[in-house]
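Both of the next two complexes hold subunit A, though its partner changes from subunit B to subunit C.
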Partner chain A sequence: MAKGSGIIERSLLQDDQIMEEDNLVMDGIDISGRWNTMLKTRVHSERDLDSWDDVRASAIGESIDNCIQCGMCTAGCTVAHEVPGFNPRQFIYWVRVGRKDDLIKNADIIWRCVGCYICTNHCPKEVNTAEVIESIGQWLRKQVPEKMDQAYLANHEAYRHQLETYGRLSLPRLQAEFLSKLGRQKELFGPDLRQAAIRMLKDGRALKTLLIGRPRHWNRSRSVLMESGQT
Partner chain B sequence: MQTAYFPGCSLKTIDRAYDVSTRVIAQDLGMTLVDVEDYSCCGAGELKGEGLKSHFLPARNLAHLINQGETEVMVSCNVCYHELSRTAYAVKQGGVHLDQIQSMLKAADEPQILEQPTVRNTLEYLVNVIGLDEIAKRVRVPLTGLRVAPYYGCLYQRPAKMLSSVQIAGEDTEHPHFMHDLMAALGATVVEHRAETTCCGGKNLLSDEKISGRLTGRILSTAKSSGADVLALMCPKCAGGLDALQFRAIGTVGESAQLPVMYYTQLIGIAFGHRPEELHVGDMESDAMGLIRQFLSEPAIR
Partner chain C sequence: MSNSVIVIGGGPAGLQAAATLGNFGLDVTLVEQHDVLGGAVAQHQYQVLMPDFSSGPALVARLAGAVQNNPHVTVVTSASIGAVEEDQEGFRVQLEGSHPHELQAQAVVLATGFDHFDPRRDGKYGYGLFPDVITGAELEEMFAKGPVRRPSNGEVPQSVAFIYCVGSRDRQVGNTYCSRVCCAVSAKQSIEIREQLPKARISMFYMDVRTYGLWEDTLYWRSQEESGVVYVKGRIAEVTQKAGQPVLKGEDTLVRGPFEWPFDLVVLAAGMEPSQGTRLLSQKFHVDLEPHGFVQQSEPMRNASLTSRPGVFVAGSASGPKAIEDAIAEGDVASLAVMQYLKTKVVV
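Now for the complex of A and B:
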């Protein structure tokens, strides 16, 4: 049997949080089997509250302090049902108690939030949970970009670059930039996308896309978007 | 009746089917749509990580709306609807965020937001402002016998407190029903399938192929196994995963995810007697065209 398989909501726990031996005798008593499943004691000796400071200071993360850790967000979360270890309630907890190591260890999981806002809708304390999770993801992107998924980074950068440069989104152009950032340009000419491209050339949608243009005096808006500072 | 309208980038380009069908039915219903001038992208949900700056693009559009002398705007795309509503909500909250939004607009030489804008979703607008009776009166080709599975996705009803569909129109956040009601008014058989508001994973459509394949696969196969002929959509981002990249869903869960997908506005257009070509039904990657042709040519299934 897999480690900790008797635990309810097992997928919400990390493997290394669970202690379980095949055979265990303590003080002369054999406690092999289910009774020797234990969770590691967590000792908060090292707190690093950077994440908390940053998240609550950001416009999208400022509601984090309303959280009462009730878990409604995780209960309804789309991704919690798909990705083991994805647990918005716990991410908020880690941020607030300064468990930077846990956040970083899960950098490749936290970004997988799909922004469905079920959590925000269910939260009884008016936490905008979806945006708090986004804010935590952004914090990680800035702290440990090397730990983040390449596709996530490419997606983020491609969107930002397209929006800043053109002020309007051309999806084929976005997809081309995304794929080339990952060195996957070839897929643009692969069977799936090529077929769609040919169809769009024929039916006039490709032309519409090319002619999308920019908003008037876009340069000024562009510099506002590119200015660093406010978060 | 004049109505301000915000189509947004994808409706202006590859999702023209949604834009054209919205315009066609609006005209039938006696509405005159006036586009928000000099539009920019709404941010597509992708700039939220930039914090306050994520309000800049929606605010720019809302400022243009107010500048045009309108305070209410109708939006078909659910992502634009969400982004514009989110910023309109920030405007309503006022305070320091609003000040910062206004100063960003000023720095960009754009007009200020001088009145409270109201953002309305086309679906909710059709049901509540135009009315189901009016819509039913225009039906020339009842969709009798066509089994339609309504699919709302996320952003039409979540987060509730920012959205007019819930706040003004009283849509149910857990079990929305305006599209159900609308399809019934067209004579269609409405299929309940319990994936009406499940997320398609659209935000990570490009970056997280595995999850998006699983989520879209589940929605399509749930609708299909509930007996649907077609899934009715209201969001171009959902269309990306459920229609354009349906092959990925099929690759993940199998043939059970193969299902024609259309915008609900196209179905209204068909019921109003328009030809499928006029509504760009052929733009859909799934075989919506085949289904509609068959439906129109075989009175037996009606």
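Now for the complex of A and C:
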């Protein structure tokens, strides 16, 4: 039996509103299927304000308290006009009113931000919106890493690892690490990349890039960076 | 009896009008129905005033002192206005109270103020039913008495909600106007609560935030940026009680979702209505009311205190919701109009 088929006006309900266990025995009584059908309430009743506290406490998130929900950030947003569900104003509001469930539902979408900073530059209240969104994203990454898109996580980790190890970002190395993390090493040897590699080897750019070395005193800078990145 | 004026109402507007008229040598009688001067500021013991966080008791002391120490001003408290007649000489007003007598004057200033909307008239807020639902005026009284506590059990509130537009902007209760100051007063109160309770969750439930003019950043923004107060857009449809806590039911219009959130303390930003005195005296002095029941300003583009009747002037919130500073300014505006009126009368 399909979920909710015991409801006479089933067509008026959406699938995710219906809770129903196929096999359920309670106190020795079989209430499987339609006998345990319940509807999820839409009412939000528990505010979880931990995210707010964490974002305000972070160096990049403290301006969240300035927000008056005018919508200027989303109005000018590069991504919002293309990606459904990406709405900086909305993310900030969910944090401030404690709607953790909505945040988690959209935990991955928040990383569609391209970092153009139009939101920050437009904000009439001087919210550093781009970085507040980053702060919310970092909070979500810690809360629900499993909700993050694999490509996003691989990219994120490759960036961190490359920066930590070499003190610079080298596109070939970054690309290699990113693709191998996803098990897509093959793409490194596709016709386009192969041709580019050969050209760069011939004119010496490849060698130069790989041998450029670390910035001066990188170990010291790294320890500071990594310490601050622990938050 | 030349140059004699009756000022009715001993709030900020009336006190200012009486003092200014007295300073210019006019013969003033100030009539106040209560036994203390200062109007709502004194009634509810406002300690810290919107918008500048100045002292309420200091304001009352200064304004009351200015009339009490003025040889041209006679102050009559605990008195009310009986019959009113007008003849060629001016107004004859019967004063009722412990010492009934007749006053004669050539001009009258109505500074009869406002009453707070009584939230019992709008049952959805549970006011009068749940002890932890209080009005903004009661919060001021709480500030005057000591630290903020839950009326139900005396405990420190962990969460506080303010509900905006109670009795304002609502056809259901018959008040279609905005009371102008409640948004800013609530923001001021939230800042004061934050000073006492660093950890409390403070939420404001609003339809619009109307901290107009210079109060936008000094009160609204400040409450958010410095005091960490959160504004939730949506009016509250019902207050219930669960496990000893008021529960606010509403729609968060920015996420389009219903909520039911519990709070330890709920403050109703109750609006302003024409006071009983304003209603009564407008009839006795035959001045027109505007459609919301306040005294009609007949020519606000000329002078804010002119009414439909020559010789009768209005000052303060008798003519509409007003901040204290505006009421005081109108006390002076009315004084100017009275002096111009009397001068014309004498010359003619």
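One rule holds for everything that comes next: the second predicted complex is superposed on the first by the 182 of 231 C-alpha atoms of A that agree within 3 Å, B and C clash if a C-alpha of one lies under 4 Å from a C-alpha of the other, contacts with A are read in each partner's own complex, and residues count from 1 in each chain.
The rule we apply is simple: contacts are C-beta pairs under 8 Å (C-beta built on N, C-alpha and C of every residue); 3 or more make two chains touch, one makes a residue touch a chain.
Everything numeric in this text was worked out from a predicted model, so none of it was measured.
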Using the superposition on subunit A, tell me whether subunit B and subunit C clash or fit. fit
Touch check for A:Ala196: first (subunit B), second (subunit C), both, or neither? first
Applying the touch criterion given at the start, work out whether A:Pro215 contacts subunit B, subunit C, both or neither, answering first, second, both or neither. first
Does subunit A have more residues touched by subunit B or by subunit C? B
By the touch definition at the top of the document, which applies to A:Gln69: first (subunit B), second (subunit C), both, or neither? second
So, A:Arg42: does it touch subunit B (first), subunit C (second), both, or neither? second
Answer with first, second, both or neither: which of subunit B and subunit C does A:Tyr93 touch in the superposed model? second
Touching A:Glu134, do we find subunit B (first), subunit C (second), both, or neither? first
Could you state the shortest Cα distance, in Å, between subunit B and subunit C after the structures are superposed? 17
Hey, what residues of subunit A end up touching subunit B and subunit C alike? none
Residues of subunit C touching subunit A in their complex? 201, 203, 209, 220-221, 224-225, 228, 230-233, 252, 254-255, 257-261
Per the touch rule, the subunit B residues reaching subunit A in their complex are 9-10, 12-14, 16, 38-41, 43-54, 56-57, 60, 97, 100, 104, 107-110, 154-155, 158-160, 173, 198-199, 201-204, 206-208, 211, 214-215, 244, 247, 282-283, 285
For subunit A, which residues count as touching subunit B in their complex? 58-60, 78-79, 82-83, 112-118, 120-121, 128, 130-131, 134-135, 137-138, 141, 149, 151-152, 154-156, 159-160, 163, 167-172, 175, 178, 192, 196, 200, 203, 205, 208-209, 212, 215-218, 220-221, 223-225, 230-231
Contact residues on subunit A for subunit C in the complex? 42-45, 47, 49, 52, 56, 65-69, 90, 93-94, 96-97, 99, 102, 125
